[in-house]
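Residue numbering begins at 1 within each chain, and the chains themselves are lettered A, B, C, D and E in the order written.
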Amino acid sequence: MGFPVVSATVFAPLIGALVIMCVPASRKEVIRWIAAVATGISLALAIYMVFGYDLAAGGVQFAEKINWLPAFGIKYFVGADGISVTLLLLTAIVGFTGVFASWGIQNRVKEYYITFLALTFACAGVFAAFDLFLLFVFFELAVLPKYVLIAVWGSTKKEYAAMKLALYLTLGGAITLLGIFCLYFVAGINTMDLLELARHQFTHNQQVWLFALLTLGFAVQVPIVPLHSWLPDAHTGAPTAGSMILAGVVMKLGAYGIIRVAIWLFPEGAVVWAPVVAILAVVCVVYAAFVAMGQKDLKYMIANSSISHMGYSVLGIAALTTAALAGALFQFFAHGIMAALNFAIAGMTYDRTHTRIIAAMGGLAKVMPVIAIAFAIGCLASVGLPGTASFWAEFSVFVGSFPIFPTLAVLAISGIVFTAYYMLRAIQRVFFEPLRHKEFANLPDARWYDWVVVSVIIFFIIAMGVYPSLLMDLISSGLSPILAGLPEPSAGGWLAFLGGVQ
Amino acid sequence: MGVGLLLPEIIACIGGLLILTERLFSKGEPERKDAAWFGAGVLVIAGVAALRLLGVNETAFQGSYRVDDLAVFFKLVAVVAGAITLLFAPDLLAQRRVKSGDFAALVLFAATGMMLLPSALDFITLFISLELISVSFYVLIGMQRGEVRSAEAGLKYLLLSGLASAVLLYGMSLIYGLTGSTYLTAIRQAFSGGEWPLLAGIGSLMILAGLGLKIYLVPFHMWAPDVYEGAPAPTVAFLASGSSAAALAAVLRLFGESLAGLNGVWLPVLLVLAVVTIALGNIVALPQTNMKRLLAYSSIAHAGYILLAIVARSSAGTAAVMYYCFLYAVTTVAAFGVISAFAETSGGEIRSFAGLARRSPFLAFVMLITLASLAGVPPLAGFMAKFAVFAAAVQSGYVVIAGIGLLLSVISIYYYFMVIKAMYVDEPVEATPITYGWGTQAALIIGLGGIILLGLIPWPLLRLAQEAATFARF
Amino acid sequence: MMDISCYLGLSTILFVIGLFGALTKRNAIVVLMCIELMLNAVNINLVAFSRFLDPGQLLGHLFVIFTIAVAAAEVAVGIALVLVLNRYRDTIDLDDFTWLKG
Amino acid sequence: MEIAWLAWAVLFLPLASFLLISLVTWPYRKLSGLVTITGIGISAILSLWILARVIADPTPVTSTWHWLTVGSVRIEFGCLVDALSASMMMAVCVVSFLIQVYSTAYMEHDEGYSRFFAFMALFTFSMLGIVLANNFLMIYIFWELVGLCSYLLIGFWYFKPAAAAAAKKAFVVTRFGDFGFLLGILLLFHFVGGFNYGEIAHAVEGGHIPASWLTIATVLVFCGAIGKSAQFPLHVWLPDAMEGPTPVSALIHAATMVAAGVYMVARTYDLFHASADAMLVVAYIGGITAFLAASMAVAQSRMKRIIAYSTCSHLAYMMMALGLGGYTAGVFHLLTHCFFKALLFLSAGAVMTLYFHEENIWRMGGLYKYMKVTAVVMILGGLSNAGLFPFAGFFSKDEILVTALHANTGLYILGLLVAFLTTFYTFRLIFVVFFGPRSEWSPVAHGHDHHHVELPDIGNPRPSQIWKMQPVDPAERAESDRHLKKEPWAMIIPLSILATAAVVAGFVGWPGLEKGFSSFIYYHGAHEHHAFDMTTAVASNIIVIVGILAAWAIYGKRKTAADPLSEMLGPVYRLFERKYYFDEIYLWFIRRFVDGGAAVLAWFEENVFTGVFANGIGGLFMELGRVLRLFQSGWVQRYALIFFLGVLVLVMILIYGVPGEVPGAIAAIGGVK
Amino acid sequence: MMDPVMGEPNNATVIAFAVISAMVLFGGLGVVLLRNVFHALVAMVVCFLGVAGVYFSLQADFLAVMQVLIYIGAVAVVIAFAVMLTRRGTMSDSNRFVDNSFQLVIGTVVAGGLGVLLLGEICKIAWRISADKLPGDLTRFLGEAMLSKLAIPFEIAAVLLLVALVGAVMIALEEVQKSR
């Protein structure tokens, strides 16, 4: 085994955190640079994996296996297939830019970066894990740093928001854990290795119930609508980088779990439940879009729009076709960086104006043009404009899910209009129009670290918008084993009456 | 082997006697901490002796005493819990005008009881070991001079424990009357036919109630919050970790082994009570404002989790119980170590944890990890333990019960994280940095290391537990 | 020699009396006394069983010796605690000892 | 393949300009302008050359690159160069180039000079993308990008509330159409399995798409055109879009982008042609819009809005032509309209630049003597717009009318009516602006630097109202008039080139021409009536002349700056003036249902999901904890009581059993395995 | 009922049992019902004596002696000391029931209910009476058992008593010194 690339990618932030622990808290600049270097290494390695992954060979590459808890067949098994590579890249981008987005934090810098790096580490771990137990460990490991990040460095209702997040996510985790137990004992082959479990044939009944259990657990993390109440508060309450990673990466953990675990292991269950998931997805898209429209607080609006956008992913997941699933995964990436950008901008404006109420800002484009342009790009990406990564994501989802759930797909697509409506309204009210308050006239524009955040993310948004096949091929390669287990896609299921195209 | 089988207990007991003797001949200033550390050393030696008994598997004293890996494992729990407690205890006791020698001697005697109990194979040994633990704890709880809460807690524990002993004895007497023996193996045979009178069921329930007090089984748990609050933190540390572990060992022996034939009676009861225990512990912990009370309810909830593994009635379940006991002991002791280091002066109010991260980052970090472990954040020890327990329950088919348990455990996040919030978010009520002795520091480092390492490298201990669990019969 | 049931009945009634007292008497010392009554009741049980059912091994007899010792120990510590409480609180009524609650 | 490479070059040069400006030259104003002009200029030259090549050899040329494969979906980036796209490319490039040149003067003092040219370059790139696209997905992509540019350019003066609102409105309203467009594309993809025009045409021919679904898909695709070409009922954004700088209005909202809808219908004519119902929809939407827009133009007070409605009406004309089977007619009008409408806008822009940025025609009057060049080109443009022989507009409009005559008498009559209205409003504009007396409310330059002061909007003053307004002091006005400048060369040159085109471009469609326009661009599957119809030609010319006379009668001799028509038409005038209250109705709908729905759901979110679900359940547990806590009374005997109550209950359950199915239930829970 | 071992109970045994039972029960009731705690203490001693009688009647002489020695000689004396040390107010009302009538009622029900259920079940059992003989020298037998098979409990009991003694001193020494 050569250099453990995946482990290094995952653990670089953690090692950074450990190094920071040894630095005196007063050396703030040193701490920040350590964090930047740690996440930078992670990013570099992730990019290396994107190009180093052998598409022709496919499968899990860069794998590392060490026995961990043989009694349960638990291994430390990390590796990367196309999906993992993509999402590790996402995590690395958000982690790296998150460090710079937090550069301005002055309060308890040392603890802040330790927490942030720990969170990045946990998120990356989820995407790299190919052992179910390990995956769950990383999954749950992320909760505590999230809590601390929000509760200590957050704003508005931070303690409430942090607690709500912790409770909801733990609830999801508990359900997932139960599902993992059941699947482990039902399989009865004494392994948590996803590759081996995927080879095991579960009976139809088992698949149906285990899929339901696991997906329910993961659905809290996504979140899918009736279980989403934690998200707007958490995303709003979190500090800038916290919101970035929450919206950019954490939201993907649950949906990733659905694909990686629930669908891969229980394809028949997925088929049975697909209509339900699809309906919920569309509810997510439309409902959250309307709720976002009704928000007065910029971050609440972005948070709700995230739910709406993840609805597209979930719809793609429900459709279970190649294009739809690939679109869903591409949406992870696209929405991840785009939401990170939007939250970064919301944070930058908040840092300057000390308000997040949309109506209280206005005309800021004159004062901070760079931030305005970045926000515009973020919003337009969110609207799914071609040329941004989001377009390909949404388009693939639509193409893939339209034949399966025509009616639902139409409803979901209507979301692009609503999104445009509230996103552009936000730009208009925050950045356009005459400067509303005189005291905002002398606010500074983007500082150098803001430039880093904005330019790195925008680079990826546009690059993946123009050259999507770089990631799309990786995703497709990663999806092929998962799709192999799925039956031929067909319209309808038991909700065929909603369809009717064929 | 003969007396060699009793070596750990003898070492602990003699250590206690030595300390008492020394107390008699010295003026014994309260500041002296050497007695406690001597006690810790004695326990370490006892632990080594116990380790040497691994794999021995011998029955002695005409079938009333057995040393097998199961027993040794619980002996180790007692030793670890006692030793760590004795490391940090004197720092607090010195402030409280309690001679650390007195404390150490009693801890050693209690530890003796805890080491004997898992080996006890007849009612008499079992009962007397249990009472040794109880009586030691009456004193340990109530010995804090000038602190009326301590005495109140002691009296409450004594009265309830006494009543529980009476019920336990009554139940034992009924079983004895019905089987004609106090030996667990003989009782097992007597009930192996499957036919038994209702009175036997009543007897087993009374035994369950009597032992239920020690293992925080609802509704026999009522003493716990008051005692936790009133007793000195080191006492509670040892009580929460060692006493319940030993009692659980007794439960495993009694119900798993001798009353196995009566499982039609006690199994459903335990099943329901386990869920009730988890629910009540977690729910009542929510409105608590005192850290020690909160941990009491948390102990109750955790007892519920462990019971799930007991009702699993499998080798994996037994292993999970043992594993849980060990990890829970380490975690709890660390938690009370932190409380003992500074919060005891305020009676352990959560308020006093405000801003701890600024007053003492180390203490706050230990508490953070401890609480996270209790809350089941992977990959800390608490998570691994919970994982083993619920896995055992599911493996035995209790999917719904395990699911309810897991969902109820979500509630616990709230109160654990509230404390974390207090430590890391709230402004400190007083800004003075906290000082503590190196004993405390050592204890906390050991606890912290245990929580993290046993979580990251769970395999050796779990394997030990699994191998030991093969000695339990069902 | 009486029937064993008589002894068991006697013991049960004594147990119940003790339990009733423990639950309803105010005075801490009396409650301790009631617990002693309960332990005595158990002892009667044990001795009766031992005599009637197990005269060969007499495990019940042996058991009783230990319970008596335990009872004495408990009383000793209990009285000590009551005395301390009485000193601080000037009362030995159990319903006054409710500092610790919730 | 050479042509294909040239086409790619035409496409990417503007993009390169955009990137160059936005990444490098944005701090240097002049340089940025130069970059765009150079880039588009080269594109224009290349496009002319390509057109020449295509005229010589009209075989369609395609070139494709593989872009992306998702599952079974293969997405290509390809261009299709044939007569249609080559002509359109030429029009776009040339008009765009001229407008860039014009803009150097128009935007001279604007602080967003670099930004303007960057956006314009990006827009040209996007528009060319639509023109060159060889598949539906690509056209959709550029369609959206064009929408983006439109948004950016309408909102160019983002600090003006009206501009910011208009930009958003334009984007959202067109997005509404795009929603349908996307659905249509998806539907087609579902049946065809590809996005290429060729594949789709093939599938349509082969009858692989059920007829009803074909109609639905086609109408959905047409939705996109409705949005982008500002057709009824999504026409509401176009007049507001005039908040952008005038070159933008000229390029995007007159000459090119709004034409994209028409172009798209023409490009995918295979699809439309296969569905008679869809064609009918197109025709009627066109007819209705043509009339609505023309009638609204009659009663507008702002110069650019009048022209905007005119645009709307003309686009509708083209739609009607396409819907009635007049492929060549529609496309021909598209191209000629391109020139004369750009001309009209640019002249209007010139008037505004010179006239203190004033836009309301009732603040003007008699401007002919101050800006003769502008007036002349505008009149030429107006005549072309009205469709007087021999101006460009005449030829194309005539073809449309001929098509209508043969296809649908009702629409033919409507077409004639619209022709009248067109002439009327065009000359209303010209007479009010350039002739007659100066308005009492004309603006004056203020202060030393003659800066412009925002004047209140007076709308269309009613004759009865005029005394209520405060006229400007004539002396002050005279003083200020002395500062009126002349048109700069950067304006005159493009204007004259466009004027020339507006005058002569129609002759390529001269009916007698051997190899005229109709032999160059035509739809292979349709039989079109290209025969020249003398009656129609004469009738339309008479209508134009009548229209001019009517306008002269009403406005040419006016004494005051008030609209006499408002008294003649009464409430109808008001209906026109208020645009049939479309905005009000839509706004009411949005406020009521969209914003209202959002408010309701936000409330629901806060009170039900957060209030009841999250906090409620959490609070429930907390309260339960508080209640259960009461049992922990601190009284040890109560504890003992609970202890023994527990024992008693357990013993009783053991002896008497439990009611109902509890043991079974417990057993069941235990027995899931 | 015939007792296979000990033969028919005669009048003397019945009367003796009745007396013993009366001592036990009235003693017990006295502890609970008497209003003066000293009287209660005396009642307890009576009860303990009765229990000793029970042991005696069951031929457990050694236990009977131990009962008297430990319970009456030690426990009762310690309690008497405690009563004296804590005396205050009127002695005649020193042994009251709790005020809380809920506790009283439910306590009664619980205790009574448990007793009734236990009695009912005990009566249902046909106890298998062993025919074995008692060991000849009971005390010796017990002593030997203590030192062989029950050596561990025996040792533990010693430690336990030590703990209790030392513990009581630890807890109360100061108090005793102060009150002296």
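Following the convention adopted for this analysis, a residue touches a chain if its C-beta (ideal position, glycine included) is under 8 Å from a C-beta of that chain, and two chains touch if they have at least 3 such contacts.
Computed from a predicted structure; not experimentally measured.
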* Structure fact -> Label-sorted list of chains bordering both chain C and chain D is B, E
* To do: Compute the centre of every chain as the mean of its C-alpha atoms, then state which one is farthest from the centre of chain E.
  => D
* State which chain is most central when centres are taken as means of Cα atoms. => A
* Please find the two chains that have the most C-beta pairs touching each other. => C-E
* Distance between the centres, which are taken as Cα means, of chain C and chain A, whole angstrom -> 64
* Measure off the straight-line distance from the CA centroid of chain A to the CA centroid of chain E, and report it in whole Å. => 70
* Asked: Taking each chain's centre as the mean of its CA atoms, how far is chain B from chain D in angstrom?
  -> 76
* Structure fact -> Cα centroid separation, chain B vs chain E, in Å, comes to 31
* Structure fact -> Expected list for chain C, residues touching two or more other chains, is 8, 15, 18-19, 22-24, 31-32, 48, 50, 53-54, 62, 66, 70, 73-74, 77, 80-82, 84, 94-95, 97, 99-102
* chain D: positions in contact with at least two other chains -> 618, 629, 632, 634, 636-638, 640-641, 644-645, 647, 651, 655, 673
* To do: Would you please write down the residue numbers of chain B that are in contact with two or more other chains?
  => 124, 128, 131, 135, 138-139, 142, 151, 154-156, 159, 163, 177, 180, 198, 202, 225-226, 399, 411, 414
* Return all touching chain pairs. => A-B, A-D, B-C, B-D, B-E, C-D, C-E, D-E
* chain D residues touching chain B - in the complex, by the definition given at the top -> 618, 621-622, 624-626, 628-629, 631-632, 634, 636, 638-640, 642-647, 650-651, 653-655, 663, 666-667, 669-673
* To do: Would you pull the chain D residues touching chain A in the complex into a rising list?
  => 67-73, 137, 140-142, 144-145, 148, 151, 155, 158-161, 163-165, 167-168, 171-172, 175-176, 178-179, 182-183, 186-187, 189-190, 213, 594-595, 597-605, 609-610, 613-614, 618, 673
* chain D touches which residues of chain A in the complex? -> 164, 167-168, 185, 226, 228-230, 232-233, 287, 290-295, 304, 321-323, 326-327, 363, 365-366, 380, 383, 385-387, 391-392, 395-396, 398-400, 402-403, 409-410, 413-414, 416-418, 420-422, 424-425, 427-428, 431-435, 468-469, 472-473, 476, 501
* To do: Spell out the residues on chain D that touch chain C in their complex, using ranges where they run on.
  => 629, 632-637, 640-641, 644
* In the complex with chain D, residue positions of chain E that touch it -> 98, 103, 106-107, 110-111, 113-114, 117-118, 121
